[in-house]
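Starting off with a structure, shown below.
Letters A, B and C mark the chains as written, and numbering starts fresh at 1 in each.
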Amino acid sequence: MKNLAFATSVMACAASVAAADKPELVVYTYDSFVSEWGPGPKIEEAFEAQCDCDLKLVGASDGAALLSRVRLEGARSEADVVLGLDTNLTALAKESGLFAAHDVSAEFDLPVDWGDEVFVPYDWGYFAFVHDKGFDAPGSFRELAASDATILIQDPRSSTPGLGLLYWVKAAYGDEAGEVWEGLADNIVTVTKGWSEAYGLFLEGEADMVLSYTTSPAYHLIAEGDSGKAAAAFEEGHYLQVEVAGKLKASDQPELADAFLEFMVTDAFQSVIPTTNWMYPAVTPEGGLPEGFETLVTPSKALLLPEDEAQALRDEALEEWRAALSR
Amino acid sequence: MARRVVPISAWAGAATAALAAMLVGLPIAAVAWRAGGWGGLGPADWAALRFTLVQAVLSAFVSVALAVPVARALARRRFRGRGALVLLMGAPFILPVIVAILGLLAVFGRGGILNGLLDALGLPGIQIYGLHGVVLAHVFFNLPLATRFLLQGWESIPQERFRLAANLGMGPREIMRYLEWPMLRERMPSALLVIFLICLSSFAVALTLGGGPRATTLELAIYQAFRFEFDLGRAALLALVQLALVVSAGLVALRLGRVAAFGAGRGLTVERWDAKGAGYKALDGTVLVLVALFVLLPLVLVALRGVPTLAGLPPQVWRAAGASIGVALASTALCMAAALALASVRRNWGEMAGLLGLAISPLVLGTGAFILINPVMSPATLALPVTALVNALMALPFALRVIAPEYARTERDFGRLADTLGMRGWARMRYLLWPQMRGALGFAAGLAAALSMGDLGVIALFADPERATLPLEVYRLMGAYRMEDAAGAALLLLLLSFGAFALLDWGGRRAA
Amino acid sequence: MPCLTGEGGALLEFDGITLRLGDFTLHADMRIAPERRVAVIGPSGAGKSTLLALVAGFLAPEAGRLLWQGVDITQEPPGARPVAMIFQEGNLFPHLSVYENVALGVNPALKLGAGEKARVMRALERVSLGGMEARKPAQLSGGQQSRAALARALVQDRPILALDEPFAALGPALKVEMLDLVREIADERRATVLMVSHDPQDARRFAEEVIVVAEGHAAPPRETAEIFADPPEALRDYLGG
């Protein structure tokens, strides 16, 4: 252990010596973003090539953990930029007063208008139920509830897609959401802590469908050459997840942070997103989307609750969910 | 005035207990301090408390009740592969939760082997999700642990007693009544307690196999308070409730556990003259085959899934494996030192201090540590040392439960002799405790190493990409759709954890 | 009840027995006459206790037979042998009362009829433990614990009483008292006694015959007076005389 600690500190020292003459930009993001197979390494390389700085990506487990961490650290945070919050968290994030306004402008290719002064979107996707192609998937929540199709979902209290589904039902059905959940209760095989558990169980054949994204089949198609997965299109429309980044007020590198947010909407960043983060880029790069994305279902309607409304409805929606599934 | 000679060192025990209490208490206090007070509990929290208690009590009783016939069969039979079976039984306990769930579902799930078998026989399938699924999973994790605890109890019954029983013509029934039951009465409360406490902080297993929000445990409520509501006050209060549960359960078990102990054993392999009949042989054989299937089948399926990708794992998986080995070594050393110091105290507060590691949610512990470290330095720098320390604390209850009875026995049998010879400190350790307790020490160290290797611990709250442990890497791979690589990494984790466990356990038993 | 096979008839016969424990070997080829008190003596580690464990059925020989009244009992389990045993230590269950410990000798399930209960009480009286039946072993002195073990051997009512250094932990006077008690009881019951001891004085005081176990051999029993008058080499070495 001694040796390991020693080795780690040597590595850390070596890194800081090399970077001593360059300014350092610290970006907090979620784990899967920084991993080797995520967008992190390519983006770090591309940004460092143009900024003459050292970009340091620090991972927390997911968006909600990310926000908790920044709130815990408060003004003492080393982070300059937080990347990986979504529209379900932005209201809370603004409430903390830790984030500064941006001045990035771009031609966003989002299914909704974007006019947020604090957060810049970098990618987006639709929540959807993913299934094997042979399966005759239902076309709406009502149809799903009436069928004997089985689904795996995530707990909204511990998972981002889980919370997305909560808002999806709420946005589509409003006051009838509780009733819809009651109808779905017998279709739900189980509720998992996070996306990984549910998706793993689905691949094991534990249920017909799993809550994920419309872009999930693209992973199997492009990375594995497997065209056997599809996402079910729902009549009600699909709830949208927009992933965003923002600059912290306490940043000691505000110019670099601004430069990073600017960089984020350029091709160098955006072209990496589809096949590493498996989401739609916020600004479609010049070369268009990678081959395979054209096979994905395109929802007829995009649903997204405004952040204030989402925040206000959260506890009510959770209670409806819990009451319906606790029967 | 004759002063009682203190075996190892009084202050070491007291200091360890104080340190354990501090490691548990400070984070809770830090979270509450950060929140500016304690929150309140809602009806949903009380429901979570109720469910937590129900599933933990059920899991503990079922695990221990099933462990009795298994340990008895192992104690009175000698067969090829017995040692290997005892060793392999340790494996489920050290599996990362998500891997174990996938393994269990491969057997008991909708598309699992069991339902396939039932379907082929034209029988209706079984549904795993529900309270029974939660208990099943907890039994899978804890039955082997309970079996090992009780098997040690069986081995503590001196050979002379079995000879006396044989001379008196006692059959299996009388042996159970006069030899085994008194031992069980002494050992079972402690086994029940440990498993109850383990299950108290269950979260992902309970939720996934419980089938939905009905199966909300305290730990999930804490998670919700942190992530969903960022209500640190409520999180701190829930952590305090958890702590209170552990302390009161500990007090009850200590009271029940204080029963007259058996005399000295000779450390010989105990030969048995009872239960020679074909019926008993068939019974024990059936019990052992069933438990081997139950425990090993999910493991085999997990292992098979990982084989294709094991060799081609990406480099950071191997780097994470290196970090995990380092963390495991450090926390095993810490844990064993703490366990010996606490065992030497031989008072109830020593036992209680050892249990504290089970009393606190990793999330609260990690967040508290984060709050404490953050003003001083970047928490990420300390990610691995903190993980090692926390893992040592979490493994301490198990190590202590294994070591304490053996320590007490050794001191009872030879303590006075060692006292008169003035054997203290290192000499006592080297020439009395180590040779007498090798088996227990090896088992305890093996458990600590494997637990530390497999535990996600607090690393997820702290880590940056350069400082991941192997369990975290498994989750990262799964989060990136890379289920095959994740399976390979899980197999590597299983091999490392189990290898560490087997090596230390075997080392202890070899000459014991 | 011991069935006498007549003057000089073999009661317990070791027929070409070889017993192996790791690299230790014990040979025995001899007969023990009925109703004799026999001491088993010899250097430590020579196999005295092993010989007793063989008779009691805790160890099985590699070759040879053990015969009781001409019947082969080599394969009989310990509980079915004509042997009541008192060990060096651990004779009593600490969690059972003195009465229960003794009563186990009558019925290992502790299901005793009125007559049997009376027999247990009589045995306790016989070893001077009357009135102490409700105590736990820890509440007895060392001598009393030995008496309780003896009382159980008494109610077991087996023709052979095997004692493995039974009173080694007792003081000299107490030991003499216990040996006398064993002798009285053995005479009353017409039992054969096999007693392992490391103390030649015990043998002189108690035994009619002596078996010397040394260097892996158990020598056939000889009259006590005779053997001490003209000790074989193995015994001479042991006595240091």
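Criterion: a residue touches a chain if its C-beta (ideal position, glycine included) is under 8 Å from a C-beta of that chain, and two chains touch if they have at least 3 such contacts.
Computed from a predicted structure; not experimentally measured.
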item: Touching chain B and also chain C, the following chains; value: none
item: Most widely separated chain from chain B, with each centre as the mean of CA atoms; value: C
item: Chain nearest the overall Cα centroid; value: B
item: Centre-of-Cα separation between chain C and chain B, whole angstrom; value: 47
item: Chain A and chain B, separation of their C-alpha mean positions in angstrom; value: 35
item: Intercentroid distance (Cα basis), chain C paired with chain A, Å; value: 81
item: Contacting residues of chain C [partner chain B, same complex]; value: 53, 56-58, 77-80, 83-85, 87, 89-91, 93-96, 104-105, 108-109, 138, 156
item: Complex contacts: residues of chain B adjacent to chain C; value: 158, 160-161, 163-171, 173-174, 177-179, 182, 260, 262-263, 271, 273, 276
item: Contacting residues of chain A [partner chain B, same complex]; value: 1, 3-5, 8, 11-12, 31-32, 34-38, 40, 56-61, 64-65, 67-69, 71-73, 76, 78, 92, 150, 155-158, 163, 185, 188-197, 199-201, 203-207, 216, 219-220, 223, 278, 314, 318, 321-322, 325-326
item: Touch list for chain B against partner chain A, complex; value: 34, 44, 98, 101-102, 105-106, 109-111, 129, 203-204, 207-214, 220, 223-224, 226-228, 230, 314, 316, 322-323, 326-327, 329-330, 333, 367, 370-371, 374-375, 378, 380-381, 384-385, 388, 460-461, 463-467, 472, 475-483, 486
